[in-house]
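A single structure is presented below for examination.
As written, the chain order gives the labels A, B, C, D, E and F, with residue 1 at the start of each chain.
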Amino acid sequence: MGGRESTLVLLDKNGIRCDGRKIDEPRKIMIKAGVLKNADGSAYIEFGDNKIIAGVFGPRDVHPKHLSNTDTGILRCRYHMSPFSVTERKNPAPSRREIEISKVIKEALLPSLMLEKFPRTVVDVFIEVLQADGGSRCAAIDAASVALADAGIPMRDMVCACAAGKVADTIVLDVNNEEDQAGQADMPVGYMPNLNKVTLLQLDGVLTRDEYKKCIDTAIGGCKLVYQIQKKALTDKFFENGGNQ
Amino acid sequence: MGGRESTLVLLDKNGIRCDGRKIDEPRKIMIKAGVLKNADGSAYIEFGDNKIIAGVFGPRDVHPKHLSNTDTGILRCRYHMSPFSVTERKNPAPSRREIEISKVIKEALLPSLMLEKFPRTVVDVFIEVLQADGGSRCAAIDAASVALADAGIPMRDMVCACAAGKVADTIVLDVNNEEDQAGQADMPVGYMPNLNKVTLLQLDGVLTRDEYKKCIDTAIGGCKLVYQIQKKALTDKFFENGGNQ
Amino acid sequence: MGGRESTLVLLDKNGIRCDGRKIDEPRKIMIKAGVLKNADGSAYIEFGDNKIIAGVFGPRDVHPKHLSNTDTGILRCRYHMSPFSVTERKNPAPSRREIEISKVIKEALLPSLMLEKFPRTVVDVFIEVLQADGGSRCAAIDAASVALADAGIPMRDMVCACAAGKVADTIVLDVNNEEDQAGQADMPVGYMPNLNKVTLLQLDGVLTRDEYKKCIDTAIGGCKLVYQIQKKALTDKFFENGGNQ
Amino acid sequence: MTSSVLDQLKRKEIVDLLDQGKRIDGRAFDQSRPLSIETGVISKANGSARVRLGDTEIVTGIKIQPDKPFPDLGDKGIFICTAEILPLAHPDAEPGPPGEDVIELARVVDRGIRESGMIDMSKLVLEKDKSVIGIFADNSVVDHDGNLFDACSYATTAAILSCKIPKWEIKNAVPVLVEDHESSPPITTIPVSITMGRIGEHILVDPNAEEWECIDARITITTNSDGNICALQKGGKNGFTVDQLSKCADIAISAATKIRERLKQTKG
Amino acid sequence: MTSSVLDQLKRKEIVDLLDQGKRIDGRAFDQSRPLSIETGVISKANGSARVRLGDTEIVTGIKIQPDKPFPDLGDKGIFICTAEILPLAHPDAEPGPPGEDVIELARVVDRGIRESGMIDMSKLVLEKDKSVIGIFADNSVVDHDGNLFDACSYATTAAILSCKIPKWEIKNAVPVLVEDHESSPPITTIPVSITMGRIGEHILVDPNAEEWECIDARITITTNSDGNICALQKGGKNGFTVDQLSKCADIAISAATKIRERLKQTKG
Amino acid sequence: MTSSVLDQLKRKEIVDLLDQGKRIDGRAFDQSRPLSIETGVISKANGSARVRLGDTEIVTGIKIQPDKPFPDLGDKGIFICTAEILPLAHPDAEPGPPGEDVIELARVVDRGIRESGMIDMSKLVLEKDKSVIGIFADNSVVDHDGNLFDACSYATTAAILSCKIPKWEIKNAVPVLVEDHESSPPITTIPVSITMGRIGEHILVDPNAEEWECIDARITITTNSDGNICALQKGGKNGFTVDQLSKCADIAISAATKIRERLKQTKG
């Protein structure tokens, strides 16, 4: 952030980005629901070079019991990166970064779930990043929300997530890894498209007041694209593969 | 200990120590009771360059329950140093030294408390050393005992603590950091002034049988000075600030 | 394993090994039962340069309770090396190697115990390697089985253990440390002599199908020698020392 | 984890007051609690601050020492920020390694400093790729009455502004301290975080502990001296509409001004 | 830890079928479940494989980087193998440091590779006693339907066979990467583990999760390309007769052949 | 943590006997339990001892190896002392990282050695500020029948007295072992700790486990060969009067003499 030197042309004179995309074009996204046998719900996402699996268990009993809540079910979330998911081998123990991301993902998903229907229980969302690229927390939320739907957890809305950012003084959709390193700002946004609420919002980098607003709007545009792909993944699972699994 | 080389004049020909004190003179001591909002009792002490806060919670339920005792309340004690409290930044995880000091402080305070009145409960004493100087465990006990009184825990006596030591072949009161480094012995003493019992006693360095006795007597003299300051702190809290807190 | 270079003559032309033993001769073995006051059962073994104590507690209540089994007693096993037991000082925290060996020893001993008689309880086997030499897991099992008998745990059989291996293209009994380093294979075997069952089997190194069979047979021969020494240790305890302990 | 009847009554009281345009402690919606800042409180640290925001109290110390740079960032000094909620700060605080709340707290404070570019890290290099100056900011939460984000952020900022950086010279590939050559830190901007809680439709600046318990969602918006936004963190069990996020940004930019003036006074 | 009535009924069903010569999923006793191997699935890793053995699924990545040799093994590269049962792989799997089961799993897989001499570690030395090439094989268990030993072993083997080793040169005592000079790993043999469970007198190859629950004892026998035995691990709550062990060896040698052919196809 | 009726009866029995001037095992009040010391029991260690004090048994090993000096102590070797109560030593002992009792134990034993100046650490320097000899004393408690302080202290002292220090020479800034040049450690004095328990007005030397349970307060007084006091540690749930502390010092100085003679025999 904040202008690290680079010879990379982030945006050419035709408005084309370093990976060939237009400013409002997301990377390639593929989501598949119901990919695991043991999990109650699951989804696999490829989002750019991100490859992420999410598995859901629950509602189920809480251990240790003192964590349970007599008024509502609780949500636990673990975002974890495999040692081979990044360029330098990552220590398998959870880093402070992974712990923070686990928490913001939990709070991004929580508004979408009707956990008050299941007091004293827990829903566990486990996210494994097999390969990491820019925007992995957004991709993780996208997969997790599909996995929660696949698990049949009652939901108020899906949560879809996509980042926007500032690159070469321009607000662009879905910042990739190179743009994140060399660019000026990266703002991941999580969004419930039917309830019209932002449930994840973070920022690295500097934005003016106006850019802030434009960035949110751009990211929400991306979220709406993701939403269509999430819906298709669930439809494919239930109508194409549903019968024989 | 044991004669590390130094060009420091620890005691001049007029019996004046390296920081200007006489041999039976303690450093500057200031204690304030009731400094925290959330704790049931609290105290802040400045003792030389030591700056220490003690907070007390309890008597309250014990978690995990198997630690509780049906015959009596228990005491737990944590002595902890902030990372910035010493010259080299300290790792925040408790060191073996901190764990041992926590234990000897617990056993120094325990004789003063009527915990048998509160079976199955725990009283927690949390001590944070914001800045450390020589004699921090004594200063910690002085603050903790005031905090216990401030919390209204029934007590048989106060515990006051002060060290004595051997510097330039002389028994002196309240060894400071330089004297501890360059001197011959440091003996922290915890003392109940009304019950006339020593509840903390440790020693680094070498003393003859006679010096041992003189050191204890000298330290107890210091403890009695501390006792007056502890009483004043509690009086100030209850009579000057008591009404409007 | 696998042919590390060495000038050591592992087997001379007279079939004598580097430590003077014949190919079917074990190292010196000494076992003493009932060596500890507090443990319910105990044994000390010297097996070559191995010096190992095993102590047994139980059947007793399980903590934490959720580990207990309403159908049967459970077995826990800890194989641990003292920091001074090996050439380079060992970190006291359990290594992955120690954790794996603890597990295979547990599964080597389990078939011999009638734990179904003691539902909801645990039998704890604690093994301390005071000095380590080749074959320490076998020696540990030998001592542990005697300690279990000494503790009066109902048993179907003893478990005796001894390794065989391949050294200088020859199958030999009880591979020592030098042979393990410079040799071709090391196969520790645990065996119940009356039930005729192998309860421990591991292998480092490469063996043909025929050598595999010969190695198992050779190791079982060693196990039977160990069995006599185990029986003697228990007899000595109960008949010679039994009266005055 | 169970909200008692008492908690529910408290929540009702707070919400009813808000609907009448009042906060439980009488503040305006966009008003922070009284802020006191004292620097130089820990003489053994290179910089320090004791901050009270209402009844929330933080002591922050800065330690500065030579270190190795992060890989691929050999032309930048190091900044590391930690936090601990001392167990004496709250009956529910437990000693031990930091939980997710405290890790988030430290990382949000860290991000506000780092992303604003407050410290010109390129000025903290002793020998490129080999040796740089490391700045450690450790926050000890002494009393916890809500909104640790802003209290720790102000304490860290004040401690940095007041710190003195020792001088080291590289001799035989080793950094050697040059006595009595301390300098002020290379400050480029002063970041100010404003944390807001949403309760229903109401946006409250700097919620205290009682309000914090009732929050539907929260957001921390950090702005720099130019009034630009340099860090964001949304939290809590619910979300924000885009309109609410716009309103929050306006409040944060406005509310930061006064606090930035206070922080500037700690400088030098 | 209590076997429910349901579990006991399941066990009875499985054993009754076995006595009729049948397995619950219709396989022959010496038949592994369907095996699918896909390599190159993680482009950021130097080698990778996604293996499904029935419904057990593993993703394994290989990372290769310069390292210091182990003491007294200065003329050999380093190979380190880890495993994690991801919490999404099974309702009973818990996040956190590996338990004894997972440590045994990783060590058994490691031993199969190491003791077979699969990789010629003497070819992985950059500077004797100072700098060698380290190969890290990390197994992430994604779906757990029994017999992780073989599934992880095949995934690790396939990932190694498909990996590319970067080139480093020692310059000023530091290994420096030489771009675009990757080579295949120095493979000498292909180890194949076959894990068998004993239920009563029956020996079953590659037990699935339901069968695994009923096992009296298990054994993993790893053989190399010459059909020799290069690693063994007995486990479970009971033992084997010598005759059973002989039979297991014959089965393992025979069953490995087909799987080795499959693994060979991943090469190059 | 609850004292059972049985414990209370035991305590009454012990106190009643003490009031008649008798200890439960027949010893005089100032008499330690039978002490046996065996050295050289672990041939792989540089020094070792197996000590029995009554039914308390310790095995201690000394490992000696080159190390870096502590910062600011570049002209001194390193001495590190640890203890573990093995889980086989007592039904209540649990495996795992050391608790506060064991940490105190190790630090009290360490302090007795260190503060007495038993080992002349200035003789253990290989290259000032760079490389020194480190002595690790690890105490494994094998059977726990009370008063681990003295038992571990005697075992550590005996192991040090009997150890042989290898010779290293600095070559190219690295310490290199010179074979067959071991020397005795540079001993200046022999510290002896005497631990006493107070039960009511009675002071008991070397309390066994049953007595330990009844102790009001305890004190460990370590004296050197000159009869001077070089370490103190008070513990327990109550305190001592100044007169009691005087009496304890007299007892400790007197009782140490016999034990020091025993330890001297292990020398050389």
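By definition in this document, contacts are C-beta pairs under 8 Å (C-beta built on N, C-alpha and C of every residue); 3 or more make two chains touch, one makes a residue touch a chain.
Since the structure is predicted, the reported quantities are computational estimates derived from the model, not experimental observations.
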Those chains which touch chain E and also touch chain C: none
Minimum number of chain-to-chain touching steps separating chain A from chain F: 3
Separation of mean Cα positions, chain E and chain D [Å, integer]: 48
Whole-Å gap separating chain C and chain D, where each centre is the average of the chain's CA atoms: 58
Whole-Å separation of chain centres (CA-atom averages), chain A against chain E: 32
Chain centre separation (chain A, chain C; CA means) in Å: 52
Touching two or more other chains - residues of chain F: none
Contacts with 2+ other chains: residues of chain B: 66, 88
Chain contact topology (line, ring, star, complete or other): ring
Chain order around the ring, beginning at chain A and proceeding next to chain E: A, E, C, F, B, D
Touching residues (chain side chain B, partner chain D) in the complex: 36-39, 42, 49, 51, 53-55, 57, 60, 78, 80, 82-89, 92-94, 124, 126-128, 130-132
Touch list for chain E against partner chain C, complex: 1-3, 71, 100-101, 103-104, 106-107, 111, 115-117, 219, 224, 227-242, 245-246, 249-250, 253
Interface residues, chain D side, partner chain B - complex: 41-45, 48, 55, 57, 59-63, 65, 82, 84, 86-91, 95, 97, 136, 138, 140, 142-145
Complex contacts: residues of chain B adjacent to chain F: 1-2, 66-71, 74, 88, 96-97, 99-100, 102-104, 107, 110-111, 187, 192, 195-209, 212-213, 216-217, 220
